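Following this line, the structures themselves.
There are two complexes below, and they share chain A, which is joined by chain B in the first and by chain C in the second.
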Partner chain A sequence: MSKNATEAIKEKSMVIQKDMLANLFHELSKTKETGKKVVYTFVPGNLTELILSFDMLPVYPEINALQSGMRKKSGAYIRDAEKLGFSEDVCTYVKCDIGMMLNGNIGPTGEKLPAPDLLLLSYTGCFTFMKWFENLERLYPGVPVAMLHTPYQEDGNITPEQVEYMVKQLKEEVIPKMEKVSGKKFDMERLSKMMTNSAKAEDLLVKILETAKNKPSPIDAYFAGVYYIGPIFTAFRGTDEAVEYYKELYAEVTERLRLGLGPVTPEGELKEEKFRLVVEYPPNWTNFREFWKIFYDAGAVIVASSYTKVGGVYDLGFRHNPDEPLESLSKYCMGCYTNMNLPQRVNLLADYVKEYKADGFLINSIKSCNSFSAGQLMIMREIEQRMEVPVGFIESDLVDPRYFSYANIKNRLESYFQMLEQRKIIMAQDAEKV
Partner chain B sequence: MKQFNELLASCKEVAFDLRFTKAANWKLADKSRAIVGFLPIYFPREIVHAVNGLAVGIMGAGDHKQIIKGDAYYQSYICHLPRGIIEMALDDSLNHFDGFVFPAICDCIRNLSGMFKLAEKGKFQRYFDYPQNFDTLIGGVFYRQELEKIIADVYAINKVELTTENLNRSIKLYNYNRKLIEEIYKIRQQYPWRLSAVDTYLIIRAGLAIPVEEHNIILEQTVEAISNERGEPMDNIRVVISGSFCEQPPLGLIKSIEMAGCYIVDDDLMLGSRWIQGDIEDNSNDPLTALTNAYLTQSTCSSAVYDVGNPKGKRVVDRVKKHDADGVIFSAASFCDPALLDRPELQKACDEAGVPHINFQYHENTGQFKVIKEQAGTFSDSIKLWA
Partner chain C sequence: MNKYYLGVDLGSTTSKAVIINEQDEIIGRGITNTRANYSVAADIARDEAIYNARFSVLKKKLEAEIKANPAYNKYINDLESVFQYEQFKIRLDKLGEELLKTCHTFFKDEEVQEKMIQHLRNIRKSFKPVIKHDYLYNNLGAKNQFFRDIVSEKYNEEVAKLDMTLFEPLMTVWDKSISPAENQLITFDFKELVDKAMEELREKYKNLPDEVMDQTSINFDAELNLLKGNFEKVSDSLRVHIDEIAGLEFNITNMTGTGYGRALLPFPQECIRSEILCHAFGAHAVFPDTRTVLDIGGQDTKAIQVDRYGLVTSFQMNDRCAAGCGRYLGYIADEMSISLNELGPMAMKAEKEVNICSTCPVFAGAELRELTNLGEKREDILGGLHKAIIMRAMSLLARSGGVFNEFTFTGGVARNPAVIKYLSELVRENYGDKIKINIHTDSIFMGALGGAMFARRNMNLSLPTNKVETAEINK
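Presenting the complex of A and B:
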């Protein structure tokens, strides 16, 4: 953390989100008293509306891991998991999560998280999810596991047969287990109503993210974007609260747009937008604020990112559909970013570079995530050739502090920004000649 | 003996011919033939065989090729297998392949399918998505659809229709292939000195690059050769190797384990060739369903298959007991998430059952075996002296 770090500026939407999360974790800590059942599941391809329709509470181990990273606890958790025999080579989210459990399963608010009543293995776009929950199943013996296999978009589309396969799994595997654990009958009407809310929030999220097409962008669609996606990618999609949150956020962002203001950052408002970037993959969580500040200091704004699409690529048009809830959940799962094949990913990123008028494309490659990282160097080349923009490549990790080298990353980024600066000068000179 | 040694030499040549010359020559003999490359672990080769195709296993470049371009496509923290394969694709070693199948075993192999699409290698690049639901009416239907996609892909190339008769014939040939391989393993489990693990590996790996009919002859000759006494029994311990099912270890590593005093009585090195346990029905009116059911109900234990309800830890311990092994060597490729994420659980199961074990990691082109040999040697000595 920077020595001069000051208290981060908080807008009203941030306070709302903070309260929403605090309430959720508090509710989770009280499940013994309330009798509410708890479902552990994953963010990409999550079935939040379905879980909530049974009055159960979701827990997302990836979110716990990233929170542990931001709170500087992940390093110790990872080392504890490695003592159990987990290799240094494997996903640090898994190790952080297992380490957290070994250390009492204390959540981000300091309250203990309850053990799961159901492990919902909805694995979308990440093979490691399956291995992760096989491990959890052994840590929580006797807890039922509901498996939802999400087919990959290998041909670059979602077929009716794939939807049918998923709906059958929902009907035969997932819903019966949820009924058994919750003691409640499945209520299609309730699920359908929630999806109306989901679609409203999704509309608003897309509008918010697309404000970054303006110059200057009123938002940072990566560092701030990870907060914007919070409610909709996790426990609140389908709720009234989520709709209200996105209304408030949209109002704030449109007001900034009207005033011609740049993004809000922890260091203050960005006064001058020098570079517009598209970024592939999540930020490092252990040194999040330092990492963001490198971009802030250079006047670099992230106008679009793939990470804000891991829980749904809503800007491609998908919305949860109250008229076909189960089909809609299936399509949602299959449509998430990491479930798209590489040519689709390249097309999406290339479109972002074009539509958001980006000056460059940057990859923050993550050591422990093969789902994203394998093939990224080819993606980078494709974008460079197709879009003719400078590309940059840095490496870090999600939550393992041993793999965040501040000096190295700063050095690489500064070189990259210099390259962008030079290119701008040359392009301006060329334009003058014309 | 001389003939058998020649057979072994020829298997070695075929197993590590990274230009797949035998397969290329096979294709030249008939215009309607097609070659389909597949990656680890398992692919039902019967469906390609039945439509006049040859499914060829691409198990990586190992330590037989210097990787130059491949390293420019992968970060240091990605396993070695795909960089060798992309190197082969980019240096035109795979040009005679008509299509490629990438079985769903991990995110690296999955994304490699996309890289082949972007590089436009082959006429089709198919990610073969295995169901993780084992209900015949759910996962079974899905698996059959996946099979049908490949059949359609090959048909688009050679216009050969799939017939019940041909598929049953192919199933019969591969049943025989698996039976012979199991026979070799059975003999080795009783008389491990008769055929080294390295030679066993070469004989089986060669079968991934030639027609099954030819491979069956090689296997028959092997069974015949090792049915008679050969070699000398040694004071070795008996071990099971676990975790080497995808990226293959270099031959030197397998040899080092043997030289360190270990008979490898079971392993998962060429797991795809032994994936289906027992025969698949070969006289059905619906052989695609027979193949599907075999996948759902006769698949072996694998890190790539969802195992809740049938935990792998227990299955590894059962293998140890079944083969009267003294211990387990967990030998996984570096950065192999499926193998390495299973390892703590497998080790725990071994600890609880009192089965000694060691572990190490490798790359397919690891060149230093001294440490591994010392580790395996100490493991062997400790069991011999104190177990």
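Presenting the complex of A and C:
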């Protein structure tokens, strides 16, 4: 593993994805000329196929924020939002997005992002999302807002009444507004066709993520996983491109698996898998590579994570269904990870620990995120007691660089890895005695 | 040959070293203040532990004789104390050289230079005998016994007696000289220093009054009476044993470095281990039924859960803010112009606990002044402050899963009686009367002990990166 690699080593699929994103942002910068309409929306419970079926283009503010974080721009954006009066405690995705807007709305590729023609709030499970869009509404006066109220899975399941309630909203609130903004009639057939593609990509994604059940895992389901979910969670679900991307990625991953290779890190292939972890919460974006490096330097591989399920917990079986497009969009919105109740989340994470043969469970507590933070200690205790694996806890933030303390995080992670290592030694000694 | 194992815990405030034998028994302890030069701090702590180990080997050898003759014990303790004074003297000479050097470069005017040097000579003359007396008669007791603290206190006292105009130049000279003096690694000749110490003791006992003046200190007098008449005999009969331990070679078979500054220790990578694991392992070794460990150190508080092997199952640490740690207490002590060691006893006198809203040390300073202004008693404010620290620790404990039986408290702050008082109260209040709370006299050394124990078990980690091929650990 080369120590001084400055240029990250990328898989072919990553290059494809980069091109897809570049094209999207380029297309977004040209909407004035092309006349395409733009919808601002969020990743959890996104209605991408519906948006695309109207030939509109989606913009995801939280993706822009994380991209700004990775490009070291978020610090200045957050400061600008705070100057405007946003408190230090407000979600940093929001402040980063507002700051970006104040600075000319230049997207991650350096091209200007267009103003929205429609603000589509498709997931209300995060209270901050509502406040975020209220702010956007003020920043873009006169832009129509469509709100889809997503019922929380309080009882741990999605009822027919809830689906009916959601479909009604789609029909009466969302679709009419989209028709008005785009000037096009809703085309159920087109939507249904896209869903065939969605399901194909979803199948492939599940297969890819599940390769991490192998020892050694050919992928890192968190640090690389965030790239893998990119197309399906954002603007490309339902497209041919997305299916092609996942085919390529799946071929790559199965080839790695066949050769018995470990995950690809920015410094090359991980030679020795020492620890297998399940991680809860998003990663830190401002110091993403530094953060990742602490893991791969120690031979720690993330075999499963909840973050890669925020835009759909496909491994639980959900697929977009061409036979019932609106119903499946509704179920999709209600099924996203943060909309699951706490016992469901604990069960899911416990299953991950078991099925992915994890040595430990780690929480990266995010200062910004209420949706994730609720119940974090309970989740940790439950997993510790139920699965009898060592649990770890670190703290950082999404895109506020002031909250990434490298020394503290490294210290805690080192301790955690040593904890796991020692447990292995002692358990092995104990097994020998028996 | 006996095998020994070394653990070095490089904390943010103090650096500790522990040497254990093959039975996991502590035979040497060394502690010094952590300074900018970590490597020196670690070396000093290690050397101190080796000197201390010589004395404890001596005591172990003479176990039977010591039981029969308590005067031996008294003599050996005195000898170790004076031995420390001999080390102190050498470092003081180094400081003298540094002060002179600074004077020569700092004061360009020869007349001023000469004047300052004369002042420094006078200062040294007046405090040297006081310090000697403190060492000889064990008067350093509750105070910090680090070189820097001892000389700073005396120096400040002497400077305060002089004309105000001298304050600034003398303090500047001091500031520029103390660190270089402190950061010199001096190799002491154990044999030579112990001989000198025995000479000093000969003088001490020879000059003891024939009659005991103070009738209240009966125990001390009894020992003193034992020695008064026969110190020559005691010293002669110990001579041969002392010579033997002076020549003893301490073969450190393996070692582990831990603590906040562990990455900077000049140890091979595989000999470096997290302080969380070391504290837990040390605490568990001393109290094998330990399930929860609380460690309050200089800059962090750790709540650690361990299993029956002493292995950590989970831990929580303070993040982003170090309020409630040792440094916080240091800051409060400075605000109140008292020594760190006086804080706890003063807080023990509290009749009530004043509510302290903020546990941020900087704000607490302001709060403290405001509360004093409002007429609150210092003792009661300190009571409130100590309680506030424990409240923070309790929340961390809760986050780590709670307190399970048995509960062991470690770290430098475990010496503070008020901390212990409030901790015991709150643990019982929150987790019931059945929780057994363990606090060991060596609590500050638990991290170093755990490190040494890992070294003995040779449980080195082999993380895939930064591996150093050869480990030069025999010193």
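Throughout what follows, the second predicted complex is superposed on the first by the 428 of 434 C-alpha atoms of A that agree within 3 Å, B and C clash if a C-alpha of one lies under 4 Å from a C-alpha of the other, contacts with A are read in each partner's own complex, and residues count from 1 in each chain.
What we mean here is this: a contact is a pair of C-beta atoms (placed from the backbone, for glycine too) under 8 Å apart; a residue touches a chain by one contact, two chains touch by 3 or more.
These figures come from a predicted structure and were not determined experimentally.
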Inset, instruction - Considering only the touch criterion stated at the top, classify A:63 as touching first (chain B), second (chain C), both, or neither. - result: neither
Legend entry - Which of chain B and chain C A:421 touches, first, second, both or neither: second
Inset, instruction - Using the touch definition from the top, say if A:84 reaches chain B (first), chain C (second), both or neither. - result: first
Inset, instruction - Considering only the touch criterion stated at the top, classify A:235 as touching first (chain B), second (chain C), both, or neither. - result: neither
Inset, instruction - Name the chain, either chain B or chain C, that contacts more residues of chain A. - result: B
Legend entry - Partner chain(s) touched by A:395 [first = chain B, second = chain C, both, neither]: both
Inset, instruction - Across the two complexes, find the residues of chain A that touch chain B and also touch chain C. - result: 377, 395
Legend entry - Residue numbers on chain C that touch chain A, as the complex places them: 260, 273-277, 309, 311-317, 319-320, 399, 401, 459, 461, 463-466
Inset, instruction - Could you pull out which chain B residues touch chain A in their complex? - result: 72-75, 77-78, 82, 104-108, 110-115, 117-119, 126-127, 129, 131-133, 135, 137-139, 141-142, 145, 303, 306-308, 311, 332, 334-338, 340-345, 347-348, 361
Inset, instruction - Flag every residue of chain A that touches chain C in the complex, lowest number first. - result: 1, 271-272, 274, 297-299, 377, 380-381, 384, 390-393, 395, 403, 405, 408, 411-412, 414-415, 417-419, 421-423, 425-426
Legend entry - Touching residues (chain side chain A, partner chain B) in the complex: 84-87, 89-91, 94, 121, 123, 126-128, 130-135, 137-138, 145, 147, 149, 151-152, 154, 161, 165, 168-169, 172-173, 341-343, 345-346, 365, 367-368, 370-371, 373-378, 382, 395
